[in-house]
Amino acid sequence: MIGKQVSSLAEAINGIHSGATVLVGGFGDAGTPVALLEALLEDDIRELTIVANNAGSGNRGLESLLREDRVRKVICSFPRSKGSVWFERRYLANEVELEIVPQGTLTERIRAAGAGIGGFFTSTGVGTELASGRETRIIDGREYLFETPLFGDVALIKAHRADRWGNLAYHASGRNYGPTMAAAAQLTVVQVDEIVPLGSIDPENVVTPGVLIDRVVKVEAGKT
Amino acid sequence: MIGKQVSSLAEAINGIHSGATVLVGGFGDAGTPVALLEALLEDDIRELTIVANNAGSGNRGLESLLREDRVRKVICSFPRSKGSVWFERRYLANEVELEIVPQGTLTERIRAAGAGIGGFFTSTGVGTELASGRETRIIDGREYLFETPLFGDVALIKAHRADRWGNLAYHASGRNYGPTMAAAAQLTVVQVDEIVPLGSIDPENVVTPGVLIDRVVKVEAGKT
Amino acid sequence: MSRHAAGPSESPLQNVVGRRTSRELAARLANDIPDGWFVNIGIGKPTIIADVVEPEREIVFHSENGIIGVGHFAEGSAQDDDLINASKEPILIVSGAAFVNHSDSFALIRGGHLDLAVMGAFQVAENGDFANWSIPGEKIPAIGGAMDLAVGAKRTWIMMDLFDRAGVSKLCERCTYPLTARGAVERVYTELAIFEISTIGFVVRELVEGLNLEELQRYVPVEIRLEDSHLI
Amino acid sequence: MSRHAAGPSESPLQNVVGRRTSRELAARLANDIPDGWFVNIGIGKPTIIADVVEPEREIVFHSENGIIGVGHFAEGSAQDDDLINASKEPILIVSGAAFVNHSDSFALIRGGHLDLAVMGAFQVAENGDFANWSIPGEKIPAIGGAMDLAVGAKRTWIMMDLFDRAGVSKLCERCTYPLTARGAVERVYTELAIFEISTIGFVVRELVEGLNLEELQRYVPVEIRLEDSHLI
């Protein structure tokens, strides 16, 4: 019987090692797997490369990992975020590296990793300093940059509802990077608000199919 | 007020010209916009390039267009289909051209067109005769083929339900190419079973957002 | 021709009577958007547009974090942590809205499916180049969706203060900050004037009440023309 | 060593007592799939697997037209025109199923998310190459999802008749038909025997009742070995 639920946050993050590349879902606080990120603090996991939209949001989650000096590098689109201070401190002290990527390129690179695409051409960033030294190509008269897939060792995402096969439904703009990141990591762990019986998510409305999910952990509302 | 519904099949296909490249949704009969395809016969539209999974299915739709000699070329993955004979006749008589594309590459090329991707690398087809004379590249030790976007002048698709903004929900495996093709053509026309009031498709369950849709026409069940 | 930038102490032309507040400017911009357009309203000031648009208008507002059909800002108990715009402010959605994932949201953007993107800028040049992600010497850059929107949306309009905090004009001959995109900007909406970028550079489409071209030109270090001077 | 192909009139070894029907072979193959695997069952014979799998098993069957969780074939009034497998046959879905669009379905395939793909073949070579889309001289090629599955799924097993209609072995030293993929095949399930492809070529994992290796080898023009002969 397929049962992807695990009963504790410790079990959910078991096996995540120092030095891992971690895809972290969320845009601002929406869809951010705060409990999973906080759980990483319980283990001695360091030197993480974090791939996320923001370099922290609010005062928990990535912000905690940055504060506790667990992060070696952040690959993100928009580091600045209200209420977060630790990325800036670490960055200005040269204690964390930043790779900044346009948001659409970030999500498309993660998609490529999950979809078996070896690389792709996008016009985003053409003519900017991000293009400097990069492979470009004119296709049908338009200039494009070559971009490569962005894989994670782990993806930590949040959804609203899961069944025991790992089928997921999200809530509102909490969906954001979840469906894309779920496909792009060796190990995909989901924090959900509720676990429902198999078959109770309408097959038409499953947003992320369970085939992409390894572990599901329910987090009580208060603990998020 | 945004109102994408049109009241007749004639209006739905208005402006489609001879020589157009037409993306046609459907896999077998599921999700095939038969009424829209049959409507093309009413006008003197010829020399079409058809992009579809199959070169006809059953005895209507693409099969009718092939029978009536409206098709110059078919770009598809699996031409053979039970109950369809006209593609084979035309093809063996050199009256229609065939470009055969692996199914995943077909849908990804259409996605690229709709998603502003100038081209991409896939391993599908490596080492086969489809790779002959084509650009290849080794990325992280794996060999890939370069593939280009596949645009349509028109996309004809079928969905189950639409609202007046063109938001769509599908039924079962009738979804197939619809969401991808909707984004890849200058003009996207949808045949639906029913038109529902704005707001009655849950925002979580809209599969194709109306931004991609130009015209919606309701086709009575009897009229396929 | 030498033009003078204002001093660093405060923004010029503060006392022009018709000077628009952000909400007034957002409403003015909304009036220029045709019904039926799908419009990204980015982060910061442009997000106000969805809050002030007249209720009978049907413009569909897109937020790059996967919302098609952004409505008003959400207040009090209507706020939902998972329903925020790209500025991370709580919002409502309209009837007919749809949620999509991030990859699909940017496929819409890059694929040319949005009629318009409205965003802020640090600098806009008369050739349509603009810069809004990195200020040399400032601490941390932040791109967000701006580069994708600028190359992907059918049109880019900038909505911004005409002067930066030091009182320096954001309209310029050529951008000196790192570019977001080349030649993308069609229009610039500011608190004092609305500009179009044509092949001859900045053309004033509208000056607010109490402001004339000569006065404005004194603070803008690149030539600005009135619409009827196009062919001169 | 010379080996003889059967005559064109009919398939060899028709009368072997343990020769499996397609449904028996599908059930046999299903027994080799671990619980919890996500498995594409392509078109043709492999689609039978989802119909014969034991009800207590939890194997999730994928059909490339966007179905995750294929169930039994649908009969009578349970048939739905929009719910078909990749062979275009009406099916049911299981509890826990999900529908995805074609691009997402092939992203799953190409991205390496399926544990196994089972498909038919015209030829399978001892180096793992196989051919199943085009027969030179035949009229119309048809690729479908085979090339994507062969490079994308973690494993490829072939389920096919051992001999073609002319009675010629489909197992061969090297494919002469256009390849679907190089070196992809791990196992071959046929009505008479089950083979594994190892670094030394075809290894017999199972012969049906009433068949011995020498007898089978007479009709197969490439060396086949018993499992325990690996190191000889």
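Every chain is named by a letter (A, B, C and D) in the order it is written, and numbering of its residues begins at 1.
By definition in this document, a contact is a pair of C-beta atoms (placed from the backbone, for glycine too) under 8 Å apart; a residue touches a chain by one contact, two chains touch by 3 or more.
Only a predicted model underlies this, so the values are computations on that prediction, with no experimental measurement involved.
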Shared chain contacts [chain A and chain C, defined touch]: B
Which of B-D and B-C has more C-beta contact pairs: B-D
Farthest chain relative to chain A (centres taken as mean CA coordinates): D
Chain centre separation (chain A, chain D; CA means) in Å: 37
CA centroid of chain C to CA centroid of chain D, Å: 58
Whole-Å separation of chain centres (CA-atom averages), chain B against chain D: 29
Sequence positions of chain A contacting 2 or more other chains: 108, 111, 115-117, 122-123, 170-172, 203-204, 207
Sequence positions of chain C contacting 2 or more other chains: 93, 99-100, 106-107, 109-110, 151-152
All pairs of touching chains, each written as two labels joined by a dash: A-B, A-C, A-D, B-C, B-D
Touching residues (chain side chain C, partner chain A) in the complex: 63-67, 80-84, 86, 88, 93, 99-103, 105-107, 109-110, 139-148, 151-152, 178-182
Chain D partner contacts - residues on chain A that touch it in the complex: 1-2, 111, 113-117, 163-165, 167, 183, 198-199, 201, 203-204, 206, 209-212
Chain A residues within the chain C interface of the complex: 27-31, 53, 57, 77-82, 87-88, 91-92, 98, 100-105, 107-108, 110-111, 122-130, 160, 170-180, 207
Chain D residues touching chain A - in the complex, by the definition given at the top: 35-36, 38, 58, 60, 62, 68-69, 93, 95-100, 106-114, 151-152
For the chain A and chain B complex, residues of the former touching the latter: 108, 112, 115-123, 137, 139-140, 142, 144, 148, 169-172, 202-205, 207
